[in-house]
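Multiple structures are listed underneath, in structure tokens.
Shared between the two complexes below is chain A, which pairs with chain B and chain C, respectively.
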Partner chain A sequence: MSALLDVIASILFGGTLMMIILTATDIAAESQATHSGDMLVQELLTNTAQLVEGELRNMGFGVPEGESAVLRAEESRIHFLADIDRDGVIDTMKYSLGDTTEMRDTQNELDRPLKRQINNGAVLSVGSVTTFRLRYLTREGTPLASPVPSDQLAEIHMVEVSMEVQNPYAPTRDPEMVGSGERNALYSTSLWQQTRLASQNTRR
Partner chain B sequence: MGGKASIILVMGFAMVLGFLTVNMNRFATKAVGNMTSYHESTVAHNLALAGTNTALSKIYQDTSWTGPITQTYNSPLLRGSFTARTYALGTGGKLMRCISSYPAATGQTLKDTIEVYFNGRKRNSFSVFAWMTNFEGNVFWITEDTVWGRVHSNGNLHVNGKPVFMEKATTSKGFDPKPGTGVNKAIYKGGYETGVAEITFPNDISEIVGASTTGGRRYTTDIWVTLSPGTSASGDGMAYIQTSSSGPITDSISLADPSFKGVILGNGRVNVKGTLDGQLTISSMTDVYIQNDIVYEQNPLAGSSDDLLGLVAERNVIVADNAANSSNCRIDACIFDRTGSFSAENYSSRGLSGTLNVTGSIVQDTRGAVGQFAGSTLTSGFSKRYRFDTRLNDPAFRPPYYPGYYVRTFAISGWWESYRITSVD
Partner chain C sequence: MTTGQTILTIGAFMFLTTILMNFYQVVANTGDTIASGQDGILATTIASSYMEIAQGLAFDEITDTSTVALANASALTSPSLLGHDSGEDSLALYDDFDDFNGATLDKQALGTNRIYRTQFIVSYVNPDNLLQTLSSRQFVKRLDLKTWRVFPPAKSALDLDTVKTSLVLGYWHFD
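Moving on, here comes the complex of A and B:
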């Protein structure tokens, strides 16, 4: 009788423990996925931000004085001149935001490629972003309407860059847990903004 | 038995959870580490910027400063250092390089570089002068002469009476006689300066020659150029080329054609007339003859205009002695005579020809004559009405490949900032 009671108690205790541990494992796995997503997003963001920031800072390098360094300025597209590889030849740099359909193979339905092209070279993706927004400002800090008309391109002296990155994959949530207007996965999001990115070469 | 199983179960799950926790902590640390790394590279960059500004301040206090200057910070708020120095470049230019060092939390030393390039000289356009000569000869500025825009001569400016210089007048030698003495009663509204550095004329017009054969037009014979304004739209003018005054049109040039470099050059005499709509330089390896009025479609004195013409001659730009120019002549252009003069053909024998209206700029080696006076009375040729085209105050606004000169400067011509692409691990 005593042995039977031991077995029943053990089963109850063990079962409860197992339930607790399984729940904890679930939570831990989800948390790990979230942290992993955060890390991935941070990596994507810092990599892309450093490249964009660095190249925009050198916008106009090597371009003769009096010539406009910016060739095209739109909300999510910029074409500019700079001797980016410092070989004495002025290069045409193009940054543009791709479409969400170009990243259909990722789970995130909002991410899109940020594209970069040097001269007539291949168009390469330099990161996956969900937002890439540019605003153009004059020397006095007055915003210019986008797209900037060609006769105002020379007035651009500062660029405000806003970029948002989300992880391409994230743990899917139980449909019952997804509220109205919410997404079905736990995407990590990180936002980066340079409010006054000024190239000294456009301030001559 | 059941108790043992439970213990084993608990230990198993504890191991799994422990593993997950370690991983979670690693990810969390790395996520923060990414931002820390971004922050550290920003600090390294800001240190380089601080060094650059410090060195720039030194350079503008003393342009012969070469450095180096080193500053080290070792406070809890900021660690790191920068070193800046300058290097000489060709044509009097200079490079200032600043390198910063920042000890990152990972034990790495982050370095950032900023390079600032200075021009030793700066190109300016001759079109910024309303009037400029290498030699004034023995021609005098007299009462009723009025000049709008900058005036300069590499020689002496002779004054006899009360001419008015609306902007600054400069000479490399002096005024004859000195201002305010003798017959020099000139009014200098923008002031005057003597003994300024000579502005050297170019040795050739090779830039125009080069452009004429690479995207422009070059003709080996004498040519007649007739400018036509096209439609009322802006920038759609045409230039028609003939090889004789009454011969057929041998070439048509659309000024709106993006592949056209804006330069027409003739090896021989180049004759010009018409209405310009666009920007163009007409040049001759010998002389340019103005056969009739040359005007812009949009008059810059009457409103906004983007039309701009350069008349550049290796020798002379001459207002032809013909019926069309016998009663007034209007020229909207920047005129440049490298070795000769701007003058009127047969100025002393052509008879009274009315007024010569020039809107633009006149730069010539030796001052030429457009009329002859007896006392203050015009006996032959033109009386002058020269107006400076104020758009030319901006040296960047000049006819295509218009001659320029260099001035000593210490302007920043380029600014390079290094940047790093973080590796993904």
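Moving on, here comes the complex of A and C:
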């Protein structure tokens, strides 16, 4: 009788132990995938942000006083003037957001290309983002309605850029664990938001 | 089960519990470290935004509307009076660089519930040594910013990083 109780107790303890180890392994795998995704999106975001930040930083550089540096201002599209290559010739820079259908080959259904064009050159994708939102403010900080009418372009003093990046691939979740309105994979998200002057050296 | 076996079993479970606790601690710490990376990105962008705004302002209240200070540094704002002038009590109303002095501004990152606080100090600095603040009027000012997350609050002060950065603005002209 005593031996039988020992066996039953051992099975119970052993089963509990096995359950704990299996759960811990699952958690470790999921955490590893999530953390890798978080790191990846932060790297993707900073890479894309560095380019956008650098060029927006030069918005209006070389443009004669009194001329508007911004040529087109929409919620996810901006055309501006700047002497980007510092050759004395003012360039037209165009940033715009592509469509989700252009990135069908990725698992994430929300990512889309961020496009950049200099003058009449080729339109190139400079990164993959899920949000690229622009807000235009006057010198007093009043937001302008978007798209900004051409007669108000000269009133743009600051441009606020918000960008969100998610990883293109992520570990899928157990369908039983996916609640209403939730996504079926563990996508990581990283945000970047910055305000830039529409023209350098506006005051002294 | 003998007493020895029972003690051995209890010891084994204690050992297992310790390993599991360490394991979960490591997982949680890794998550916190990566989350603080996002905080760093947002705090940096917010600090950069303030610096960008500051860079577009006049060097001094007097240089906003006149050039009298070009030949006369004593026309600049007194070091003890650096700060926003009466009526300029919001960021949108700031019209010169030192209006930021003493200000504390909160900003919520768009699309999140995170709120970041920034403290500003503006000082005159030695043009030959930008790290040295001076109590006399100079043609160079330095804006020091400290940005950190105030919401959601950190579990402890050790879990929160503060982004510290500075911007130097000089007043000059071409002859």
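The rule is simple: the second predicted complex is superposed on the first by the 172 of 204 C-alpha atoms of A that agree within 3 Å, B and C clash if a C-alpha of one lies under 4 Å from a C-alpha of the other, contacts with A are read in each partner's own complex, and residues count from 1 in each chain.
Just so it is clear, contacts are C-beta pairs under 8 Å (C-beta built on N, C-alpha and C of every residue); 3 or more make two chains touch, one makes a residue touch a chain.
The model shown is predicted, which means the values in this text are computed figures rather than measured ones.
Shared-chain residue A:D6: touches chain B and chain C both. Look at A:E182: by the touch rule set out above, it reaches neither chain B nor chain C.
Within the superposed three-chain model, A:T25 lies in touch with chain B and out of touch with chain C [touch as defined at top]. Of the two partner chains placed by the overlay, chain B and chain C both lie in contact with A:D38. When both complexes are overlaid on chain A, the residue A:E102 reaches neither chain B nor chain C. In the superposition on chain A, A:E65 makes contact with chain B only, while chain C stays out of contact range. Once chain A of one complex is fitted onto chain A of the other, the partner contacts of A:L17 extend to both chain B and chain C.
In the superposed model, A:N47 makes contact with chain B only, not with chain C.
Once chain A of one complex is fitted onto chain A of the other, the partner contacts of A:E164 are limited to chain C, with no touch recorded for chain B.
Residues 6, 9, 13, 17, 24, 28, 31, 35, 38-39, 42, 45-46, 49, 53, 200-201, 204 of chain A lie in contact with chain B in one complex and with chain C in the other. Against chain A, in their complex, chain B makes its touches with residues 1-3, 5-6, 9-10, 13, 16-17, 20-21, 23-24, 27-28, 30-31, 34-35, 37-38, 41, 116, 122, 395-396, 411-422, 424.
Those residues of chain C that touch chain A in the shared complex are 1, 9, 13, 16, 20, 23-24, 27, 30-31, 34-35, 37-38, 41-42, 45-46, 48-49, 52-53, 55-59, 63-64, 91-92, 95, 109-112, 171.
Per the touch definition, chain A reaches chain C in the complex via residues 2, 5-6, 9, 13, 17, 20, 24, 27-28, 31, 34-35, 38-39, 42, 45-46, 49, 53, 131, 133, 140-142, 157-158, 160, 162, 164, 190-197, 200-204.
In the complex of the two chains, the chain A residues touching chain B come out as 6-7, 9-11, 13-14, 17-18, 21, 24-25, 28-29, 31-32, 35-36, 38-39, 41-43, 45-47, 49-51, 53-55, 57-58, 61-62, 65-66, 86, 199-201, 204.
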